[in-house]
Amino acid sequence: MGLMEKLFGRDWGIHPDDHKRPAADAVTRTMPVPERLFVSLSQHLGAPARPVVLVGQKVRKGERLADPQGAVSAAIHAPTSGTITAIGEIPAPHPSGLPVLAITLEADGLDAWADLEGLNDPFLLPPAEISKKVAEAGVVGLGGATFPAALKLSLSEKAKVTTLVMNGGECEPYLSCDDRLMRDSAAAIVDGIGLMLHATGATQALVGIEDNKPEAIAAMQQAAAAQPHIRICPVPARYPMGSEKQLVQELTGHEIPADGRPGDVGVVVHNVGTAWAVHQAIRFGRPLVARLITVNGGCVAQPGNIMVPLGTLVEEVLAFAGGLNSAPARLVMGGPMMGMSLPQARVPVVKGSSGILALSAAEVAERTEEPCIRCATCVGACPMGLLPLDMARHIQANDLKGAVKTGLKDCIACGCCAYVCPAHIPLVQYFSHAKGELSAQEREKLRQESNRKLAQSRAQRLEREAREKAEAAARRKAERAAQAAATPESQAPSNLPAPQGATA
Amino acid sequence: MSELILLLISTALVNNVVLIKFLGLCPSMGVSKSMDSALGMGMATTFVITLAAGASWMLEHWLLVPYELGFLRILTFILVIAAVVQFTEMFVKKTSPGLYRSLGIYLPLITTNCAVLGVALLNVQQGFSFFKSLAYGFGSALGFTLVLMIFAGLRERIALARVPVAFNGTPIAFITISLLALAFMGFSGLNI
Amino acid sequence: MTPFAYTAVQTVASPHAHGGNAVSRTMLRVQLALTPATAYAFWLFGWPAFFLWLITLGACLLFEFISLRLMGVPHIRRTLGDSSALLTGWLLALTLPPWAPWWVGVIGAFIAIVIGKQVFGGLGQNVFNPAMVARVALLISFPLPLTQWVTPLPLTTLAAPGFIEGLQITLAGLPPPDAMASASLLGYAKTELSRGSDLVQALAAGHAPLISWIGIRAGSLGESSALLLLAGGLFLLATGVIRWQIPLAVFAGLAIPAAIGHALDPAHYLGVIPHVLSGAAVLGAFFIATDYVTSPTTAPGQLIFGIGVGLLTWVIRTYGSYPEGMAFAVLLMNALTPIIDRYTKPRILGRTRAGKPLDIPAKKGA
Amino acid sequence: MIAAILSLTILGAALGLILGIAGRFLAVESNPFVDEVEALLPGTNCGQCGFPGCSGAAAAIAAGSAPASCCPPGGKTTAVAIAEKMGLALDLAAVADTGPKLATIAEDLCIGCCRCIKNCPTDAILGAPKQIHNVLKEACTGCSACIDHCPTEALVMQPVPITLQHWVMPKPLAA
């Protein structure tokens, strides 16, 4: 670290109003299973899952509905018992409003679990077995990135991980589901952490919790008191403290290389919610079929945290929470900083849904974009040390290469820059657009690559066919010549055109 | 020694070739679209001007004056400059094809960069000694490079600005360089 | 249960919250910070100063309006409402001689708004500080009216020009009576030096630092009271509109060479106090050099920028032919800003300063 | 007079000699760009650019007689890649990139004539005589070389539908 950085001490991030209370202090409620659930097949990072049930089939709660497909994917299970009535497209919980494949499950009202069995002493099993069980339960990272948890557990085993960083930061304003989970089920989380330590082979776990959650810190400290290798570390409340790179640097002092993973510095990061899901999967054999969701925002009548079966529609969750007291200006899934705006309320809850926010116009504070005055507030706010104003200028001028050179690929889309921008420039939208364009270009390049191969193989095929044809013709000619030599009175060979065969 | 340094500063800032003497405007407008090529152009021109300043001094004092061939001054100077530029071009082409490509036609055109011939002629006119000639040439070239770099930086920024269509491209470049010349007026009469 | 419907939506990206800062709020705060010093200067220099200020501001708004109209900008009122043109005019008026004729203000406004800003694309797109472009262009084009300073005649004194008289001075462009003509401290020092006299003696009479603080002395509106300007600057610092780097660096860049020069040869070099407190140093450091658009974006860059402004101001004041070099120094450093920005990029997390990814540390026990 | 001629001659000869020697040491083999450009082109030889195949287009681009954006199936990506390689300025507005398209066959119109099959540069069309043909989505490059050969207009180019995985956040409308 240079002298400059010592002198100027990177004062990254922002301190937004957290709006976490009173939702965080409200007692956790459990939502009854609605009559119909829409279980999305894309609830995780990576390829969509492949359905293994048929329409009309009866399933029990926790039975597998879809298998993982490809290297990065996760299994999906039935959130309740009932009948599969359809497998088709429904609107995705995504700002684009595009469709997603989903399994429609008609609940029978019994909510009967399948025969599931937990492990009594999982610590006797080899670590790989734990990862396998976690994968079978379809557990993904519950912090929002929804990366399949088992993959991270088994990858970290290879990467020689020494430290397990548990992310209880929950730096997003409004959200309190992790906070609530830590207050209510600290023992289960600590048990999950122990299981994850076993699975990864790490020797210590650092649980980072922002200091604006004193109750959660106290609960976790009490639960982990007997286990000295699980340390509860309060961290200063600052957005985006819960971002992987920032949290790892805060807790361990290691800086993750730009092209590396936490594993490169001997660390693996998991969300506390994931630890709870791991605990459920290993101890009871229960797959991930429900999750705690914060329902909050100025338009929500009774903000709080609700345990919701996956596949429930957002409008049903809002109704259960007590309804809205005014029409929201924006409906958001996730936190206000990085969450996705929902085009409508008839979209299902998925594994990555940490919150449902119905925000009023005053909270969204939407205003028309003004020109950038280069005030550089965004430069000070960026937790990655980027120059958001310059990146946005390059993207405005369609200069993607210039934007990449300015650091576009290091952007974590945390939204700090747009939050502080006095000109209300939708900086994150510029960056998301540019990243999307870049990956489209990347896909295009791959396609061109395969096109070239296809064209080459066709050229080879044509060449081979021509050669075979010529050889056949030569052979025939030789035969005829031999015939002619045997019977000199025969006529001259006729030159029939070669037949054109179907090419398929 | 301090005399040489003062000469350097005065030629680079106070009597800047581009902004005060209006020499070498062609490359200043042509090769100032990116800072990288501006730096390359500046270094190439610095090399040429410094070498040409030295060579012209030698020609002047060892050939033109002794044999009374003053009428051949421009011809011989251009000959030397052209040769130096040719050499530079080959060198750049060999060592940095990317730079060669981005400089394009402006690299061989250093020959006709009036700053080069201008500096050589002014040098002779002012009757400098050999080392002063070199310093004068180097200082002028430094001023040229400085302006080219500054101007390229400004143009890189303007390229991303929402300039009205009527002013986009060359007009805004001329306005910018005129404002830059305005700023350099602050150095006028600088008397250290 | 109703079937699913796909609604056409306008995509909105995160974040769905905002800190509440706004461009117009920033501009308003700068204007607020300028108000005390400006009001005090009106009192010092009387009605003509006020009229010139008013005309300059009005002309700036008018030229902004005309340019926006010509360019076919849709929301003219909103763009005018961000009051950036107002601020440019204000700053320009503060750097003009208080009794300058009206056309100085109008031409200055044209240069500032049209040539300095709108041809580059308007707010945020210009590369030079518009007010300083206008000030320098005026100084070079009309040296005489731009260097005619008057001794302050506070409004409350009897000799001060009245409302009508003030209008005449501004509109008719009458040169001030000889008795009123005066020179700014820096101009006086320059003249004395060129005459070959000793600065220590020349300045011995009547140039106490206290006068500099209060500003009862010939000069432009913005050169009057260092105290009130400093207060305005501190207000901007306190409200977070500007950061400390540029003002501090400007003062350092100006004061350090001044101190060294004065220590070596007091007869030829002005001391720190006259350098910092007179002329446009305080105004420049807090209000002009800190212009967001034309200064570097990172803290180290801003330090370099500020030191450059201070140093060049000192160099031009001391060695150049102009008594005041703040405007030139700001323009010169504006020109260097893209280069400074390029070489003072912040380090990206996980990368070296050069932008290469950090090395992956060797595995322990691997 | 003689001195003038002599001095100029000698000067010229000496400088020429130095340059000649320098030229030897600093020689550069010329135009390595043709191969590099050809590597960037799709290589399907669809002929839409008007040059005889992709190598012809590459030669024309390298010689400067064709713009970097002359390859329609390559689209924006290829144009940008070539412009970057050649150090050319590229007017992106000139690149008509309407997004990727795929050939589709209307089954009720296809008569199974096999003409399209012969003209597909990537063997993306399956079928036999008198059988309805089909386009392999993975292999179709969207070059539209087959379109004109269909006697019944059963072949149509259709834009690839946008999915969640391929969705790109729209660019904000400039203020």
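The first chain written gets the first letter, and so on, giving A, B, C and D; residue counts start at 1 in each chain.
Going forward, a contact is a pair of C-beta atoms (placed from the backbone, for glycine too) under 8 Å apart; a residue touches a chain by one contact, two chains touch by 3 or more.
Treat the numbers as computed from the prediction; the structure is a model and nothing was measured.
> Please flag the chain sitting at the greatest distance from chain B, going by CA centroids.
With centres defined by C-alpha atoms, farthest from chain B sits A.
> Counting contact pairs per chain pair, which pair wins?
The chain pair with the largest number of C-beta contacts is A-C.
> Between chain B and chain C, what is the separation of their C-alpha centroids in Å?
33
> As a quick test, compute the distance in whole Å between the mean CA positions of chain C and chain D.
53
> Using the average of all C-alpha atoms in each chain as its centre, how far is it in Å between chain A and chain D?
37
> Could you work out how far the Cα centre of chain B sits from that of chain D, in whole Å?
One centre to the other, that is 40 Å.
> Which residue numbers or ranges of chain A touch two or more of the other chains?
95-96, 99, 368, 370-371, 396, 426, 429, 432
> Give the residues of chain B that touch two or more other chains, as numbers and ranges in rising order.
In chain B, residues 162 touch at least two other chains, as defined above.
> Chain C: which residues touch two or more other chains?
Within chain C, residues 11, 13, 122, 125 contact more than one other chain.
> Based on the touch definition given at the start, go ahead and assign the chain network to line, ring, star, complete or other.
complete
> In the complex, go through chain A and note every residue touching chain D.
Result: residues 42, 92, 94-96, 98-100, 368-371, 395-396, 398, 401, 425-426, 429-430, 432-433, 435-437, 440-441, 443-445, 447-448, 450-452, 454-458, 461, 500, 502-504 of chain A touch chain D.
> Which positions of chain A touch chain C when the two form their complex?
Residue list for chain A touching chain C: 2, 4-5, 8, 10, 14, 16, 35-36, 90-91, 95-97, 99, 159-160, 162, 173, 245-246, 249, 254-260, 264-266, 330, 332, 336-341, 343-344, 346, 357, 359, 363-368, 370-377, 379, 383-387, 389-390, 407, 410, 413, 415, 418-424, 426, 428-429, 432.
> If you look only at chain C, which of its residues touch chain B in the complex?
It is residues 71, 115-116, 118-122, 125-128, 133, 136-137, 140, 312, 315-316, 319-322, 325, 327-329, 331-332, 334-339, 342 of chain C that touch chain B.
> Where on chain D is chain C touching in the complex?
The touching residues are 169-170, 172.
> For the complex, which residues does chain D have touching chain B?
3-4, 7-8, 11-12, 15-16, 18-19, 22-23, 26-28, 86-87, 174
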